[in-house]
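Common to both upcoming complexes is chain A, partnered first by chain B, then by chain C.
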Partner chain A sequence: MHLQLAWRNIWRNPKRTAVIMTAIIIGVWSMIFLGALMRGISEGMVRNGISTLTGHIQVHHRGYRNDPVIENSMTDPEVVETALRETLPDGAQWTSRVRVNAVASNARHTAGVTFVGIDPAHEAGISFIGKAVTEGRYLRDDDKNGIVVGRALVDKFETGLGRKIIMMSQDTDREVASRAFRIVGIFKAEMQATEKQFVFVTKEAAQHMLKLKNGISEMSVILPDQKEVRHAADNVSAALPSADYEVQTWRELLPLITAILNIYDGFMYIWFVVVFIAMGFGIVNTTLMAVFERIREFGLFKSLGMKPMWIIREVLAESFFILLIGTTIGNILSFLSVFALSGNGIDLSALASGLEYAGMSRIIYPAIYSHDVIIANLVVFILGLLVSVYPAVKAARFTPVEALTHA
Partner chain B sequence: MGEYTMAKKMMLFLWLVLFLYVPASGVYAQDGMALVEAGFDYMRGKTSISTVIMTIHRPDWQRTMTIKAWTKGQEDSIFRIIAPARDSGNGTLKRGREMWTYNPKINRVIKIPPSMMSQAWMGSDFSNNDLSKSESLINDYTHTIVGDETHEGKKVYVIKSMPKPEAPVVWGMQKLKIREDYIFLEQGFYDEDLQPVKIMTTLQIRQLGGRLFPVVWKMQKTDAEDEYTMLEYKELVFDTDFPDRLLTVASLKTSAR
Partner chain C sequence: MNIVECTDVKKTYQQGKIVVTALGGVSLSIQKGGFVALAGPSGSGKTTLLNIIGGLDSADSGRVTVNGSTLDTMNQSELASLRLHNIGFIFQAYNLIPVLSALENVEFVMLLQGVPLAERRERAKNILDDVGLEDTYDRRPAELSGGQQQRVAVARAIVSDPAIVLADEPTANLDSKTGEGLLEMMKQMNEKKKVTFIFSTHDKMVMDYARRLVLIKDGLVAGDEIRDGG
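Up next is the complex of A and B:
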């Protein structure tokens, strides 16, 4: 009976109910939608980080991570390949790279770059570079002097396809190794920093220039399922002599992104609470108003013999309906807005240079996580009912005599 | 009769083309390399010991230092700053393609890593690479004589030096002017569009170190009028023997000389 009473009561003043519902709708929408945006940003960062030559797991010679010099390369890649073949699940892909710091120069410009020797066919399935070449062409196995560089570097160097670029680095004899390459392809990346940092040649060309023989700097692995990363890394690690090799997952390889992910997690719950506090005051206020308006009514109920507990239940039921309708509409709206943006994402190219400091992508695709939605709804619902207890108790306390004194 | 002379003239012309013109250009091409090498040897000698004043000029400042230099052959050399006192003792050693610098203030010899090779040497318009790869002009280029001029009554060969296809050099072309007595008058550095980047010219050819030698060398970036580096030879001795240990890392540290 009190449910029917509550339902009718909330529509006695439709304007007021609409206002508080709007507050709840906006609150829920902002929690879920902004949550999805933040998840989208962090997913983008992880995706970016992994495809920018990180992969899910990497194997290095011990010490390479601390000091990425040529002396810390793996001289016998076969050992690593065998270990990967034996331990990784089906569908895992891997590729080997030579990766050293080098200096690129032409007649007018000089810049420090990361010089990466890749296996063109395998690399394509693993990192961004396979699909990133927008002008010219991607590397071929027989490219002795071909080099693929980023758009930003090309602009900085005032050069173009077919032009020469000289790479200098230290070879295994600790001498200056230099070699001329011709630009065969220009790639575009999510971030300008990537375009400026990496230049790609074939693995053989890099090995030859640096006198590495068969040596490689790193082995990068992509797993079919990202959740298996830790387990797979442990398996690979167990299969390799730990004195010579170290195996790391992307969480260890990208500590900054891992830290940001944790911060985002915490930040999101803080955001939920902040939104709720603002909303909570609205709920308390509106419910209190609704209660004070009806003092005589509650007095009448009391004198007719209604128990205080019933009155509390009646008032809480009013809040319950408002919250239920508000959250439902809020959820629908946020799903709709996420759905609307899922196709093209939010293009922040105009702000790209600023975003790069944070390692963010140019385009954000909102991502809805079920546990974020559940938590947002629970927070609004449970806390919403909780704060309504105060006006409800207030209503239950009116005595018939008190109510009579009210006009 | 008329036909006969006509045919004879034609033959003569063909002879000229075949035997004079074609071989002549061949000689020219070969001569290019020989000329550059001879010029290189002439300017450096078997060994040389010199004192040079280097002036670095910039729009809002200018600085001068005195350098003593020993060179041996085409590849090895050592430079030491002897004035001003503030910079005195700084030195650079070059052996083959490797370079080391020594700074007395920190008492350290530093091997110049690849990353610093393109940087300016002592803040001048010469890069470390210009020094360390000086012989690259001989090894990495093909030289063709493309013309001649006259300078102080002597013939000057204009040489176009194109880098060999796979040579690790940044320049798209170098243009040299070498006088018939092997004196370098000009060395121009061009990018791949064949636009000049920097040009070194020599001035005031005089008797120095027992031979005619340009006393002033000026390196100028083409896009900045007011920026140049000038070398002025004060003393120069050629072909005196000095011990090899002078060109070692250990000797870089001993600033006693």
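Up next is the complex of A and C:
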């Protein structure tokens, strides 16, 4: 009957209850939905970062990360391959690349680019480029002078399929190496910056041009399970002589994204607190109003022999119901809105140029993380009950005479 | 045996800058089974005295014992417990919990006392039948007349056989015919169940029902008249 009493009491003033419930619903919804959006943005950024030639793990010659020059190449890729084969879990994939800074030019234009030599078949399973070619074709193993470039670079260079582009870089003899390639494919990427930055040739073509022999710049690994990254990286690292090689995870390779992820985490909890403070004031206010309207009733409770603790419990039970209904509806709404957007995502193409600086994807797919949902609900529920303690104690503190003589 | 014992009970209130003496030294003994009226004009201190006897208010000085317990040494929780098990209150109005039906209102006290569901339902129905409300179990207070509401209040006050029932002008909000009916019923319950009733009034008709009439004037006992063996 205590619960019945509380349940009926919350419907005595349906308007007020509806108002406070709406506040809770909006609060919970905004926590979970915006949380899912931020998670979606983060996931998109990470996915983008990883597929833009990063991978989950990379192996380099020691020193390459600080000074990515051709002298810091790995001259014996077999050693690395063996280490990977022996330590990585089943389903892991890897590929080797040559990667140097180069100058691209044609008759009219010049631009600095990242010149990447890839193993076309292996690369396809690892980075974005395998699926990114929209005009012409992807590289073939026997492409001696074929090159794949980004749409944005093609536009900038006012060139097209079948046309020539000259690459210039430093070779292992510290001489300027230069060579003409023919555009066989044009790719599109999530970000224009990527389209402008990377040009792709076969690994052999790059090695030949740069006089690298068998040498490679990096080995990029994709694992079947992203959670395994730290562990796997440690294993690979242990299997290689540390004087010659360094092994890094995407978190280390993409420090900016890692920093942004941390900021997002912090921001999300700040957001939870902000929403809650607004909601908390609402809850305290309405509960106080409800309590003051019923001073007489609390006096009656006391005259019947109810102990202060029981009165507190009674008021808290009312808050409990309001919170329960509010959070339930809030959760349902946020799941529905996330579900509604999960198919097509939120297309931010219109804002894309601005978003690129942040490394964000053009399309956000909201992602619900169970621990975000749990935290949001706990915050609302526990703090909601906590702030109701104040009005409840107030109700329990009215002296019976005060309460009974109240007009 | 005296169920209520007041010895030189004094109470003053501060009204702004003035100190008002509500009770100027009341000594009063009430025997078990009594049907006692505290009569006196408005402002004479009847409500104050009832509240002090019921432990809702505390005396400035003097001693009050109810059913053998001395009130001034008890804390809030002990007083609450005393009220729950030994004292029934009936006020002028607003006696009932608005969201509970008549039956639930009567049950509520037994719920607080920890009486099991089946028993409390049974007892609540019986007592409502006793006070003539067999047809209104499920009505909310707002759907009951003033007289019916007071009857529910009486039913709730006596349902768990308290030592005393304190009724502060229980008929003041009723027309005289309904008021008489209520008093008639209270008197019946007093006789049938041997519950001690102490009620206040300034109404001559109500005083006539009492078997003992204690006159209160300016916070003092101004007369004490036993009508017929109360």
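The working rule: the second predicted complex is superposed on the first by the 406 of 407 C-alpha atoms of A that agree within 3 Å, B and C clash if a C-alpha of one lies under 4 Å from a C-alpha of the other, contacts with A are read in each partner's own complex, and residues count from 1 in each chain.
FYI, a contact is a pair of C-beta atoms (placed from the backbone, for glycine too) under 8 Å apart; a residue touches a chain by one contact, two chains touch by 3 or more.
Note that this is a predicted model, so its numbers are computed, not measured.
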Overlay on chain A: chain C relative to chain B, clash or fit: fit
Contacts of A:8 with chain B and chain C, given as first, second, both or neither: second
First, second, both or neither for A:168, with chain B first and chain C second: first
Which of chain B and chain C A:378 touches, first, second, both or neither: neither
Partner chain(s) touched by A:302 [first = chain B, second = chain C, both, neither]: second
Partner chain(s) touched by A:112 [first = chain B, second = chain C, both, neither]: first
Which of chain B and chain C A:180 touches, first, second, both or neither: first
Partner chain in contact with A:401 - chain B first, chain C second, else both or neither: second
Minimum Cα separation, chain C to chain B, after superposition on A (Å): 84
Shared contact residues on chain A - chain B and chain C: none
Sites on chain A touched by chain B in the complex: 101-103, 105-108, 110, 112, 145, 159, 163-164, 166-170, 175-180
Sites on chain A touched by chain C in the complex: 1-2, 4-5, 8-9, 12, 296-297, 300, 302-308, 310, 399-401, 404
Chain B residues touching chain A - in the complex, by the definition given at the top: 97-98, 113-115, 117-119, 132, 163, 166-172, 189-192, 197
Chain A partner contacts - residues on chain C that touch it in the complex: 51, 54, 56-57, 76-77, 80-85, 87, 89, 91, 94-95, 97-100, 104, 107-109, 111-112
